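Below you'll find a set of structures to go through.
You will see two complexes here that share chain A, one where it goes with chain B and one where it goes with chain C.
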Partner chain A sequence: MSLCNTRLQEERKQWRKDHPFGFYAKPVKDSDGSLNLKIWNAGIPGKATTLWQDAVYPINITFPDEYPSKPPKVKFPAGFYHPNVYPSGTICLSILNEEQDWRPAITLKQIVLGVQELLDSPNPDSPAQEPAWKAFSKDRSLYEKKVREQAKKYANADSS
Partner chain B sequence: MAKDTYLKKVLGSERYNRIRSSKVLMVGAGGIGCELLKDLVLTGYGQIHIVDLDTITLSNLNRQFLFRKTDIDKSKSLTVANAVQSFNYLNSNLIPHHGNIMDGNQFPIQWWSQFDFIFNALDNLEARRHVNKMCLFLKRPLMESGTTGFEGQIQPIFPYHSECFDCQAKETPKTFPVCTIRSTPSSPVHCITWAKEFLFYQLFDEADSTELNSADKIAGETDDKDQQENLAKEANELIELRNSIISKDKDVFFTELVFKIFKTDIERLLLIDTLWKSRQKPNPLQFSEYESELDNLIADDKNTSILTDDTKVWTILEDLYVLRKSGESLQKRINSGDESSISFDKDDEDTLNFVVASANLRSSIFHIETKSKFDIKQIAGNIIPAIATTNAIISGFSCLSGSDYFKVDAKKIGTDFSSFMNHSRTVYISIRPNKYITSALLSEPNEKCASSSLLSRGVLRISKSDVKAQTLGWLVNTLIDTYDYEEEGLSISLGQSRLIYDVDFDDNLGTKLIDINGFKDGELLFIQDDNDELENLELYITITGEGTLTTLPEFKLRPKKEFAEEDEEDYSMEEVDGNRDTIIIDDEEEKAIDDIVIEEPALKKRKVVE
Partner chain C sequence: MNNDWNIETVVSSIELVYSTNDTDKIKQVQEYLQSIQKSSTGYQLGQVLIKQPSKYCRYFGALTFTVFLNTYQDSITSDQITSIFDELLDYVISLSQESLESNLFIIKKLLSTLSLLFIDHNQTGIDNDVLINPIQRYFYKLGNPNIIISELNDSQLKLLIYFHTIIVEDIRKRDNSKLSQTHEIIYKYLFPNLKHIFGLLDSNQHQQQEIHELALDCLFAWFTYIGIAEHGSKVSYTVDPQILQPLIQYTFYNLKFDDLENRIAIVSKTCTVLSQILEEHPLILNPYKTLLAQILFEENSFGSKFLHAILSNKDLIDIYQQEIENFTDLIIAYLNLNLVYIIRNLTNPQVLRILDIAVTLTNFPGRPIEDEKLSDQFLVFWEEFINMFIEDTDVINEIFKEDTVSKQKYFEIRNEILINISIIYWKKCHIFSDKIVPEFRHYRSKVAEVFQLLYSLLNTSIYSTLCKNVIDTLVAFQNTPNQELSLDIEASLFLLFKVTDDLTFYDDESTQILIPYLEEIFQHKVIETIDENFKNNQINITLLNLLSSLPFFFKSRSGEQYITTTFNYLFSIIIEQQQQPQKQQTGVSLISSKTILKICQNSRSKLTQFLPQLENIVVEMIRNIEFDSLIRERLVNSFMSIAQSLKDPLKLGEVVIHLLNQINQQIELVVHNPNQLLTSPDSTKEENDQKMEDYTVSLLGCINEIGNATKLPEELEDYLTVEQKYQTESYWNEDTLGVKQAILQSINQLSLNYPPLSLKTLPTEKCCNIFKCGLNEPINGPFKFELAIIFQYLMVKVQNCNSGSMSLVYKLVESIIITNGKHVSIPIFESFLSSAFLNKLTFIEQDVDLIKSSLDLFSTVLEKHPSLIVNLPSFQNVVLKFAISSFKFKESYIIRSVIKFWNTLITLKRGQSSEQQLIQDLIVKEHIIDPSHPLGYSLVLSLITSFIDNPRSNTEYFYQLFRVLVAKYPLYIKNWLRVILIHKLVDNSTNDKFNNAFVDTFVSKLMLTRGQRQANDVLKSFWLDCNNLVEYKS
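Let's look at the complex of A and B:
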């Protein structure tokens, strides 16, 4: 438990001091006025020159008590259109999977960069939702249209 | 002959006298606790405090020998204290406390400071970590112990001299990624987890449909028709099924359940063909093949004996029968109005049967081995086998090794425990031939341990008047003045991962300490240096009387340790089984227990796996 707290406070400090351009990440504010280091809201900008550009996609990051032995859970809003995102918004990404590539040394910065990378390079072998996966593998123009629509929706995302 | 003649001879009269006048704490009065208390009482400890929050249940009685059937539902700590009176020949003073050891109100740091030595007899990580932390705060020696089945260990902990409980990462219960559970199970435990945590939970447990509802909401927001429909479908099917528990007849509910869960959902998965490129495709359940046979089974009441055949691996037909029967009971219970929801409980036959049958049906669909109800109960109920003999042996070691501490005069050594590093040992027992008992000298604290090495800790004694009158800003400045942080150069969290201040989060600076939620006796403040020059600081809050002087622990913070990037990656589970030299005892040589623990030369070296 103490390791979890120590590490999260450290992650917050490192993020404040230095984080990649266009991203934001902040622990949520509890009703008692403190910041809950176990639940963060973050924004992932789509990479320039991709379908995802000009938008910031919100994610929610939840850290378990056993962090950093166990990875955090990362979620887009429910219904997010992406082949590797579950209908609930949960992301299927190997670095967030305890049985695959998660290591305790992976930082918040690496996680959000990993999610950004995933946006435009979906993994067709690990489908998590039907609509986006089907369109991506069988009807590319429909897929691109949907992704652009979604980008428009998040174009003016609040990045405070 | 006096009752203590032999004890004096064995322990030496100096050690024995110290033990007689000592005050010790035993945390936990369960499997190990019962055995250990017997040992401690017969060793003659002067005063023994016992803490446990639990009450006695039937399943305790096979090994917790101080309890009787008439004790069921009574407090464990109070009951053990009474039970040992019948052989309390040396008149140990027994003081039981019924409560949670982590409760800072009932057990504040001042209470802890009365003990010379602490024995753990716990069964969970959280409480162990708490006791470990209190012992680190007070620099009190701690004897840690634990058993699983035939395996067990003791670990003496001498704060800041030997490894503490947190120095080695502990294995925590495995969690499985959603992807595996929902789409691509590959082992029985995946299907059991699915049956218990997903299917059963969604159908019968307290309706936490927030996730489903939020999917609904989003669907309302998006302007894409297809997506909307698909989402609504996914979200609503389970809700519909849940509703049909109440609104529909048992036959209809069962049929809908079987069709949706074991056919439609599987067929939907099959549509995603890339999932099955390198995996064997699941076979949706063809219910029609079983329907008439199932009807025959149901028609004959004698067949209810299937439900209690715990060690047989049921056939698909039998699984369907059990699913039908248990589903019916659960449906009846919900509809009777007595229970609005039902939680999974391994000892609730209906819930267990439902989970076993649905886990097995899913397993057979995915070509995974099916299991007996007995086996699934172990897995679904997280049952860890507990064996009285293992507990007795480990308690013996705990008591024996704990008495080592009283060989020396505590007043002389104070908190300098270095002399114990040469002979105190951690002991492991196991059932493996030639490795029944192994032991190892204590290791030094892990230099990357967040509890032992990377911080200083102490008690912040703050007067009631300051808590009322002063603000968080005042506390920040006091910390800066006392420990030489740079102006605004620190961050503070309080209790469980709640950040209350850093330079970019100064909302609370003007807030009075008394108005900061959780700023109270027994809570912990955790302070980090923003410039990464000073080590971390942990302060235990003790609120002292009105008008007393507020004091902070007097020490200088050490420079923060730096580790190369790749080094940091080492602090992971792999370290658990680092190489250590240990003694292995050959069981062919019949040695006395004392010899085993104390004797020096290593016969063989082996890797110790915790």
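Let's look at the complex of A and C:
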């Protein structure tokens, strides 16, 4: 088994053993029904007492063949409203950047927690989309309104 | 730092820290104490304090030694270190002789300081053995360097165990890459002592219980350390099981049931140590596997006696909660390690006995999380257990290849265990309190994951069992309603939801098999029963969640008959929420609206009979300001999705104009009589204004949703017949009901003429989105406007709008150019350019975002339809100057846009030959920016200046433009670059490195690349040289 697959098996095991409350992460299934460990769908709950609360935001995580030497690519749906998310949905986060803070020891749990942290703490040094970035820096009430609107779109009823 | 201290003042300060509650005072005193601890007389202070009668002062003295040694570690000589070590050891012995128990916290701190000295200095080549073998020094201090451990008294033995524990615990906090020699010294000098200690404890049953507990803590620390040592050095503790034999034997010795009440702490700690060994160093337990299984699982063994004792005495469960959890961890660690064997030997009576114990612990009495944690601890194991059956299918089939009888028996046993587990967890996940704590929600979620896996293994059998349970319980509840039955229903519905949701998460096909089972539940009136009997209850939320996962069911022939009931239920939730807005309920109504939307979009053609009913609801929502905006807009989309499926433009037109008229009526009220809409007398003006703004934007959002829902599908030929297509086109060409006019009326009214909104971004966004709805429509439709009308709106809008709106206007024009560029006339675009750019230039130049937006628009026009812009006088006179001046920014997003603009202009892929010639002339001939040089020179000057001045992270953006210029205008670039660089670097720099040769070399290297990829490296190297930096590649 390749290093990538071995590590992903381990990540899956660790995730099932212990994952933060409110998050989910599942590898997708290939057409033959087998699990494709290189592509995961996951959900990031907005932190309580923030604009992002009461919603679970879907992300897609794609692991390259070189993982864990190279980081996975993490994407929200296209058009996701956040200053550090590109129009395509790709998340701009230093721990997901090979040339910045990515380390092979970073776990899936740390990645999703990092994304959750980013939601309410945008990085002012990495603007990735114009609308959210502009509103965040210049028109905070518009920004908050749009984030709340988006939170309603991804709202979840308490269901365990 | 403060060298000047007086012991009386210091003592009273220390006493104050431990006696006052005044945090400011404490902070002030601590600052003082820290300054003298770090002073050059800190060590002397420690010496004085350690001899004080006050224990606080003594502790503070021990702490002061650590602070001092950390502060001056580089200036202390090896002789000093030896004498400090000896002195601190003397204090330890003296304090322990006085009273080990009451001085323990001081002694531990001193031992930690000794450990610090050992770790920091054992590798420095000191020629005595004090720091290489600190334990030997301890024995020496006790008066006999050759003393054997069995001769130590209890106090001395405890001290020895503490010392061995603290050293390895402290090492764990250090950087392991620098500890190779330390690990070897520990293995050589400390580990043998450990073997003697445990050999002694194992053979001497009369030791104090406390010593055994300390010893087990020490073992835990060592088994954690062993992994670190093996990873950080060449030492190996685990390669030969005999090396650790005395330590492991000691743990087994402790697993005894006798005198459990008094020895429970020892048993508990032993379980923790063994769990740790099983998880981290399983190989070293290989020789003891059978013995461990006997101790844990055989009849009359420690394990079965322990289990029997706790299960037969409820008091013990309460008292020994932690100890039982530790025992369970050990069982689980054993099971995990032997999982493959267990799975493949399921018919073996010994294995069945082991599993029986696992099932018993899983079914431990009490409510999960609140009373017991064992079922939670076991969840991961059972997941692995089920998973292993899935992964091991081929091997199991191979084992029973020719023995169908045994195979059948095997699967019977497997299924029996799995059903047992599912029943246990089904019961455990019942709600037992109105207020569900997050931990229990998490637990339920994990239980659901076990059921999802069970479905993978057992397929519909588990699903049908849950459905049957719902049906049976529903029938019983309908006859005799009671709380217990409702909780049964809730638990089953919850698990059905989670399993269904998991299946829909992956694909739609796998859910088809569920339809008959779901139909049975609906036949037994699940919605009606819950709706009639429960309000604002978890069971409603659970049912709602289940419904939200069932659009595939409602799309089916079996499911469509239940849509009426479902809709009634979902709408009632939304309406109730509107009447009683609560935080919890908002989430519920949002899920309801999302479910309605999904059902309508999936099954639109089957829902046309609901149009009149839905229309009433939607109209009410448009009229009522209190409804949530997103819910209102979703329901408009739901309604219009059904209307669109009629494929009848006449009916669609009637429905659309009806809604638009309602919306326009509301807009009239907003503009002329807003008080009629506001129903809360207690709200402040600000609140009312905000509410009104949200409502008004939502009205525009509703129009946008009408547009989204009435969009034609991409495969138009498959959707409409030729005749329908013709009818649709003709109908909307005439638009006899004035739909388009009504849409424009709403847009103009709110976005242009209503002062509270005209300077806001959101209404502009909604209006732009409304116009976008029709841009891609293949034939005429309600939202397909003439481009001149859209441009007319935009040109008026830019006269009265904020910066955020300007960006949206530019984005809409970009969309128009991309989708309908060939229908845009040059005069229209020129008018727009004049209104939205030339007349606004001062405003735009003050806003970096608008600079970027306008550059992006120009790039899109140049890329898609350059003829719209390149011949305009304003392009040459203003736009090009604007694009040159934008090089001055260092924001990466502007740099990217500037570079894209120039790249697109120079390549001009879609331009006609006359336009390409025009651009070439502009670049090499026309003196647009600088009266003495052509545009190309000015461009290269700005480009190279910006390139050198930008940060390294932006440099890559520039490469492509350099390459395009080199490839397209090699001779010009060579000359321009040379002249510019000699002027810029050689003539105006004091650095000798920048001479003519430097410039020539760079220009030659760049030109040699002919604009190929190698140019990137040449440019990167040039940038590094110019900024006096080097490549940091490792």
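The working rule: the second predicted complex is superposed on the first by the 155 of 160 C-alpha atoms of A that agree within 3 Å, B and C clash if a C-alpha of one lies under 4 Å from a C-alpha of the other, contacts with A are read in each partner's own complex, and residues count from 1 in each chain.
The rule is short, and it goes like this: a contact is a pair of C-beta atoms (placed from the backbone, for glycine too) under 8 Å apart; a residue touches a chain by one contact, two chains touch by 3 or more.
Quantities reported herein were computed from a predicted structural model and do not represent experimental measurements.
In the superposition on chain A, A:8 makes contact with chain B only, not with chain C. When the two complexes are overlaid on their common chain A, residue A:139 makes contact with chain C while staying clear of chain B. Judged by the touch definition given at the top, the superposed model places A:124 against chain B, while chain C stays out of reach. Once chain A of one complex is fitted onto chain A of the other, the partner contacts of A:27 are limited to chain B, with no touch recorded for chain C. In the superposed model, A:69 makes contact with chain B only, not with chain C. Comparing chain B with chain C, the partner in contact with more residues of chain A is B. In the superposed model, A:92 makes contact with chain B only, not with chain C. In the superposition on chain A, A:152 contacts chain C only, with no contact to chain B. Residue contacts after overlaying the shared chain place A:16 against chain B and chain C alike.
Common to the chain B and chain C interfaces on chain A are residues 13, 16-17, 127, 130-131, 146, 149.
Chain A meets chain B in the complex at residues 1-10, 12-13, 16-17, 27, 30, 32-38, 63-64, 66, 69-70, 77-79, 81, 86-88, 90, 92, 97-99, 103-105, 124-128, 130-131, 133, 137, 146, 149.
By the touch criterion stated above, chain A contacts chain C in their complex at residues 13, 16-17, 21-22, 26, 28-29, 41, 54, 127, 130-131, 134-135, 138-139, 142, 145-146, 149, 152-153, 155-160. Taken together, the chain C residues at the contact with chain A in this complex read 380, 383-384, 436, 438-442, 444-445, 448-449, 494, 497, 502, 505-507, 541-542, 544-545, 583-584, 586-588, 590-591, 594, 628-630, 760-762, 803-804, 807, 849, 852-853, 893. Considering their complex, residues 126, 129, 133, 166, 169, 172, 174-180, 182-183, 211, 214-215, 217-219, 221-224, 226-227, 230-231, 234-235, 268, 271-272, 274-275, 277, 450-451, 454-455, 491, 493-494, 496-500, 502-505, 507-508, 511, 516-518, 526, 528, 530, 536, 538, 565, 568-569, 571-573 of chain B touch chain A.
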